[in-house]
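In the two assemblies presented below, subunit A is common to both, partnered first by subunit B and then by subunit C.
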Partner chain A sequence: MRKFLTVALTLLALPAFMLPAFARPVTTYKLDNGLEVVVIEDHRAPVVVHMVWYRIGSADEPRGHSGIAHFFEHLMFQGTKSVAPGALSKIVAAQGGSDNAFTTQDYTAYFQRVAADRLDLVMGLEADRMVNLNLTVKDVETEREVILDERNQRTDSDPGSLLQEQMGAAQYLNHPYGTPVIGWRSEIAGLTREDALAFYRANYAPNNAILVVAGDVTPADVLALAQKNYGPIKPSDAITPRIRAAEPPQLAPRRLVMEDARVAQPYVVRTYLVPERNPGDQKQAAALTILAELLGGNPSTSVLARALMFDKPVATYVSANYDGVSLDPTTFGLVVVPAAGVGLEDAEKAMDATLAEFLKKGVDQAEFDRIQAQLRAKQVYDEDNTQGAAHRYGMALASGLTVQDVQDWPGVLTSVTPADVMAAAALLDARHSVTGWLQEEKAQ
Partner chain B sequence: MRKFLTVALTLLALPAFMLPAFARPVTTYKLDNGLEVVVIEDHRAPVVVHMVWYRIGSADEPRGHSGIAHFFEHLMFQGTKSVAPGALSKIVAAQGGSDNAFTTQDYTAYFQRVAADRLDLVMGLEADRMVNLNLTVKDVETEREVILDERNQRTDSDPGSLLQEQMGAAQYLNHPYGTPVIGWRSEIAGLTREDALAFYRANYAPNNAILVVAGDVTPADVLALAQKNYGPIKPSDAITPRIRAAEPPQLAPRRLVMEDARVAQPYVVRTYLVPERNPGDQKQAAALTILAELLGGNPSTSVLARALMFDKPVATYVSANYDGVSLDPTTFGLVVVPAAGVGLEDAEKAMDATLAEFLKKGVDQAEFDRIQAQLRAKQVYDEDNTQGAAHRYGMALASGLTVQDVQDWPGVLTSVTPADVMAAAALLDARHSVTGWLQEEKAQ
Partner chain C sequence: MIRVLVFLALMVSPAFAEIKIQEVTSKGGIKAWLVENHDIAFTALDIRFQGGSSLDAPGKRGAVNLMTALLEEGSGALDAQGFAAARDGLAADFRFSSDVDGVDVSARFLTENRDQALALLTGALTAPRFDAPAVERVRGQVLQIIASDTKDPEAIAGDLLNTAAFGDHPYGSNPNGTVESVTALTRDDLLAAWKGTMARDRVYVAAAGDITPAELGAALDQLLGGLPAKGAPLPADVALQVPGGVQTQAFPGPQTTILFWQKGLRFQDPDYFAATIVNEILGGGGFSSRLMDEVREKRGLTYGIGTGLAIYDHAESLQGSVAVANDKVAETIAVIREVWAGLAKGVSQQELDDTKTYMTGSYPLKFDGNGRIAGILVGMQMLGLPVDYPATRNAKVEAVTLEDVNRVAARLLTPEALSFVVVGDGKP
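What follows is the complex of A and B.
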């Protein structure tokens, strides 16, 4: 079982445009028990992707129980009355399929990719564990060790991940996005079978889920199978609106210096609290998406690359990142890895000087046009990827957006003007920022 | 009605030693319904202080409902079936008494000071509102406006208070002490009558309270009156252990720069996360208490005063503060107000150089002896203040300490050695620190 953890800051990752395959037929239903159903047809190959997205992520966890959303995702592979622990993935693999699951701040999702005529089978397995999960104390204890080990490997042994966690906590003064998806170690260590069962009862129900089926299927067949497999599951009255603690005004820039003996390559990270994509209101997020591309997208032509890597040899790597798919306000990130012999202070000053110059000079029209053209090319490319389309719809719907928003997004992106981008750049307010330095521990 | 709000950082306040009046007779009981009773006898004047301390503070609030503990303290003056809204304070005043209430991160307390023969009356009033509070939607709406106005006056119009809030949020990565006692404005604005009633039912009960009576009374009389007034109140089964979200390791020093046009006097504040007084384990907290006195207690002889105000004219004010009465880890604070013409960077550097020198050179024995002598003198002085003694027992018991801890504290303080103080100074770990600069907004 492979797991993905997506955290607030995706450092050193290229920002990816996620564009919907809007030309592919998309049909939606809602079952009587509240389950939303999205069917994406693609008859080019006899395969199907089956995904269930729960509207529960780490930012919905009870205080003091951080990590339970991700922990519970692991436990969902423990088996039911009719499926032995760990057997689900084996059953899928025996049919030539693959499966996976992942947890983010806003959702938890499970998916299988199988031959189209095995859809009924995987639906049956997924519906079964939505309500019939068996959990022993021993299962929970064993999995807790697995997760603590995962935390060791992914976070505690990686100064960059630790900086990211400390910056996330400093970025959010009140909102639960300040808590890492994997959870704080001491809280993971304290999670019990009772906590897991309470979390299951409170959050796993058809009226808190979105079923996305993409591939060589017809909407009528999917609806019939969904009704057969998921229809009998009763909705829960424990599902409440996802209203999270809001951020108070952020009034002072924050800075962190993380020193660790294991740091081989120092760098500077800056994050700003910025708006996310909102239903029917995606223009600002689209402008921020293009701003990230302009500032740090292309490794040789972006604003930061030109200023820091070519005009003056200050950095060996720069990037800007923004992903607007988020239930609540998210971050816009900048990374500068200084060149040999350049200190973090100078690297940061050069980054800020470049931003200031960009704000003064405005968008380079040729670069802007190039990015718009790339967007159009990317749409055609994305069109081809059925699993990507399923993912896009699922994560959008689980993050408070609608099918319409997903389908509108390419149009909103292409409607953005240079003036919109400059207005978005003004959202990078120092008072909403956290700046982190990662550097080698100084000798005592 | 006057209200006190105590927040994590008491800036620009002299640290006060709170020593128990251990020679004064103290008797304790526990009623069958769980109410703890502490009686402190003092027959020098025919007055009595009557206090009820609830083990509920802002750090126990549900997420997203910050401010409700303090809000509810206001609402407790709204009246019951038998007492009209606002009448309680008038009844007490008509008897020549006074009353008040306050909320901190760890507790909410109500008290009256009256002639000793009026104890039955005030107990009756306090017991009445423990269970019979009447709240209309209009009461809640009116009081919400009062509190929003209080927040305006105390916090939003004061850059120093705003810095304190932003620093508190940066100090605690996970623990609820990062939330201000008065609450974040948007959350106060959202508090409803239903929230208030749910908070009342969940927290106000005899088994979540401590009754402290101090003055011209006998333990037997107090017990009889307590049984008459509080005894009939049923305990609540909603009271759960106060286990709060723990702090993860703090790995990186944090810094904030708060710029505000209203700042007339810039300053530097540094806070470090440090241990609190724990039951049966107060030595470290005692050493931190003496360390604060040594570093910044006396305005002319403290380490920081001598180094920053006399040897070199860098500062016009310095202080160090620490209060170990806290359920969970608290902060040790330093403040430096620079002299005219001295920048915050130089002021901070001078502060850090002074700390480094102190760590190297150790405690000045004469100064240490002087502080120990002051402590003994202060005990005699504190002995005289009955209301102060009542407050000391109440806040200690409501913060997880015992009567024994209160009585042991003076002995623990005087047993601290210079070596203990230097060990405590080593707890001021930069990685656990937040440094804040308050300065005038620069012209754009």
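What follows is the complex of A and C.
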């Protein structure tokens, strides 16, 4: 039996703006083998995005095997009994399409973007590699070299990335978010074909996946194709709930000073451990989202920009960031790049003084209203980006949220009040923080 | 997988919705292209002024770059914060950027407050203030970028390549300018850069979305009517230098950046489409090129390698880039040279057919979204293409024969004259 549930994108009352004239219908259902399916219709152009999201990320890796989720994502391009190594991307490209994959702490996703009449083809390829992957020792070893090069390029060549990695490790004493997605170099180097196959068997199955199809398709056609391609795959009984090691209460702030000869521009980064979006309970995350906008969203009018770049120019760049899509508690981040001649200590003091002042004075209503206006307009602009919508649904569902949560989110954001934001700001507690300085290593 | 093979054999060219481009001329005589679509209540607008940072006056390197960054930092009665607040209150987006061939303005605004958004954007284009505090703030940001680039191997390699390839031409130096040149820029220099680059004799405009031709016409006169009729003279063409050999610069780190280049060809060249196919097979298209196969898939030497036909307004080249572990530099350069030499000898019918299907199939997929359409339409106008180009472009690709591609591969690719720039601790 399949469940069939159609929900039109919820249109909210928009006080200052007219309703979007155009809305994408979203349909969801579940195959008997547990595969969840989300169909997002957009008939403006004959294009389709086909994505499969697995509920397996780096935070689900066995200890000592860091990097295997991402390594395995690469190996998924190594071919099956019926598709030669590397051929999948070539088949998609030969159709004019593009394909790729990505891994985060909470999920691994594979996608193709093709003309809408090629959906059956890409589904067939994706369903095939969900269970029929063929791995030779040589392919695994060659790809491990590619991953080590990727780590060189993305992390080891960039002091800022190295600091980020160190700060993550410092922020999470016990929870696996402290391990970098790409993995620690020494552990990547030790990953084998057997490790990969064990990881594959444990995690790749229809009942651990979400299929998102967005574009010029009808739900009935997608369902028929999904039944044909994914329906025959047996569910796995190895899939267990994702309960990860919990983070103990942080009792003392943590500080890091990283020095590297390659640093041209020193900066201060601060992260705080804060709640994420939870199913049916997104209010606090919405308040944190708006708090990030208020503190550092706009480079001219945000709280940190006004104080540190305009009133007293001690910084050349400030930002605040928070993304609530996460299975477990996540971070709220602040960055201050000091102006020439300003030291990191003074930059950090100025940042903290600005935060303290904000907690005392509260929200600037005009800035708050502008942020709300932009959030409402985003719903109009987002209608023009179907791939973005596919991404939002996939990411949320793979991170423990529901379709309803995704559709509620714009409304939850617009319902946030200045008082909610100030309550969220109280979460930025120094005791739950990590502060990092990146500075140039001076020759000895 | 037999099913896949059958499917491929039955493949026909997909029927795509036509992109209907209208040519709009304002009452004031300003031209634009428009793809009208009233599904979603906003408009994307793209404006490009030809010339860009290559119009920097002698000794004023970085003026156009700094000027462009200051367009959103106050205009008319609004200071920087006033401008940002007004723009955000309307939920409009304006992006100002410059490159070696142009100054770009990309905007999107809601239908319901379009008049206010256009008025604000008009101010940014025609009455920028260049207030002293804003100039100093943004100058500080540019100086930090210049400092950061001195420790970024990719930026270092890019500068070395451009200097070696273009010498004294503006393409040969970094558009950000130097610490000395940027520090010395005055408000008068910025005003001169603004008047010299943002003029009506070099502007290309396109819009896509919820706007009619009449409304767009009025917007064009409002936005651009107040700009000077004529800007500074455009730079001359430059002959690309290809010294051959390998130029190295040491830089600490586990990885070495390698850039390589040789002569290219113009868009107007009758062999352009064949050359595009040659480049796709060589190093384009992501995962399915010969370089990706040989360097990444077979040998695991890199995370990624790619090439492209770099077509500037005043020069053209074929360029590529790769980053490898320090002990793999010599092997990688040898493999690149081998692939280059191999391809100069020709391609297979299968490679040609696959590349054509990719190029013809992917072309219509580019037109997704108002912002992307507006950008593509501006690019088409700058190349002097007709409005029906999207409907005829795939036929031009299909018309290329195996003989054409093999002739052009032999003509274009010069493995012996390939030049390399190597930045890192690796030894070539």
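By definition in this document, the second predicted complex is superposed on the first by the 420 of 444 C-alpha atoms of A that agree within 3 Å, B and C clash if a C-alpha of one lies under 4 Å from a C-alpha of the other, contacts with A are read in each partner's own complex, and residues count from 1 in each chain.
Quick note on the criterion: contacts are C-beta pairs under 8 Å (C-beta built on N, C-alpha and C of every residue); 3 or more make two chains touch, one makes a residue touch a chain.
Keep in mind that what you see is a predicted model, and the values were worked out from it rather than measured.
S.K.: Using the superposition on subunit A, decide if subunit B and subunit C clash or fit.
M.R.: These partners fit in the superposed model.
S.K.: Which partner does A:E187 contact after superposing on A: first (subunit B), second (subunit C), both, neither?
M.R.: Only subunit B; A:E187 stays clear of subunit C.
S.K.: With both complexes superposed on chain A, which partner does A:A245 reach: first (subunit B), second (subunit C), both or neither?
M.R.: The answer is first: A:A245 touches subunit B but not subunit C.
S.K.: Look at A:A94 in the shared chain and tell me whether it touches subunit B only, subunit C only, both, or neither; answer first, second, both or neither.
M.R.: Touch status of A:A94: second partner only.
S.K.: Tell me which partner A:Q365 touches in the superposition: subunit B (first), subunit C (second), both or neither.
M.R.: In the superposed model, A:Q365 contacts neither subunit B nor subunit C.
S.K.: So, does A:T179 touch the first partner subunit B, the second partner subunit C, both, or neither?
M.R.: first
S.K.: May I ask you to decide whether A:A169 touches subunit B, subunit C, both, or neither, giving the answer as first, second, both or neither?
M.R.: So A:A169 only meets subunit B here.
S.K.: With the two structures laid over each other on chain A, which partner does A:R254 touch: subunit B (first), subunit C (second), both, or neither?
M.R.: first
S.K.: I want to verify the contact counts: of subunit B and subunit C, which reaches more residues of subunit A?
M.R.: The partner with more contacted residues on subunit A is C.
S.K.: Tell me, in angstrom, the smallest C-alpha to C-alpha distance between subunit B and subunit C in the overlaid model?
M.R.: 14
S.K.: Go through subunit A and flag every residue that touches subunit B in one model and subunit C in the other.
M.R.: Shared contact residues on subunit A: none.
S.K.: Which part of subunit A faces subunit C closely enough to touch in the complex?
M.R.: These residues of subunit A touch subunit C: 17-18, 20-22, 44-47, 77, 80, 82-83, 85-86, 89-91, 93-100, 113-115, 117-118, 120-121, 124-125, 128, 141-146, 148-150, 152-154, 156-157, 261-265, 298-301, 306, 309-310, 313, 316-317, 337, 339-340, 366-367, 369-371, 373-374, 376-378, 380-381, 383-387.
S.K.: Using the touch definition up top, name the residues of subunit B that touch subunit A in the complex.
M.R.: 63-64, 66, 162-163, 165-166, 169-170, 173-174, 176, 178-179, 184-187, 243-246, 248, 250-260, 436
S.K.: Could you pull out which subunit C residues touch subunit A in their complex?
M.R.: So the residues of subunit C touching subunit A come out as 1-4, 7-8, 11, 14-17, 37-42, 73, 80-81, 83-85, 88-91, 108, 110, 112, 133, 136-137, 140-141, 143-144, 147-153, 252-255, 285-288, 293, 296-303, 323-325, 354, 357-365, 367-371.
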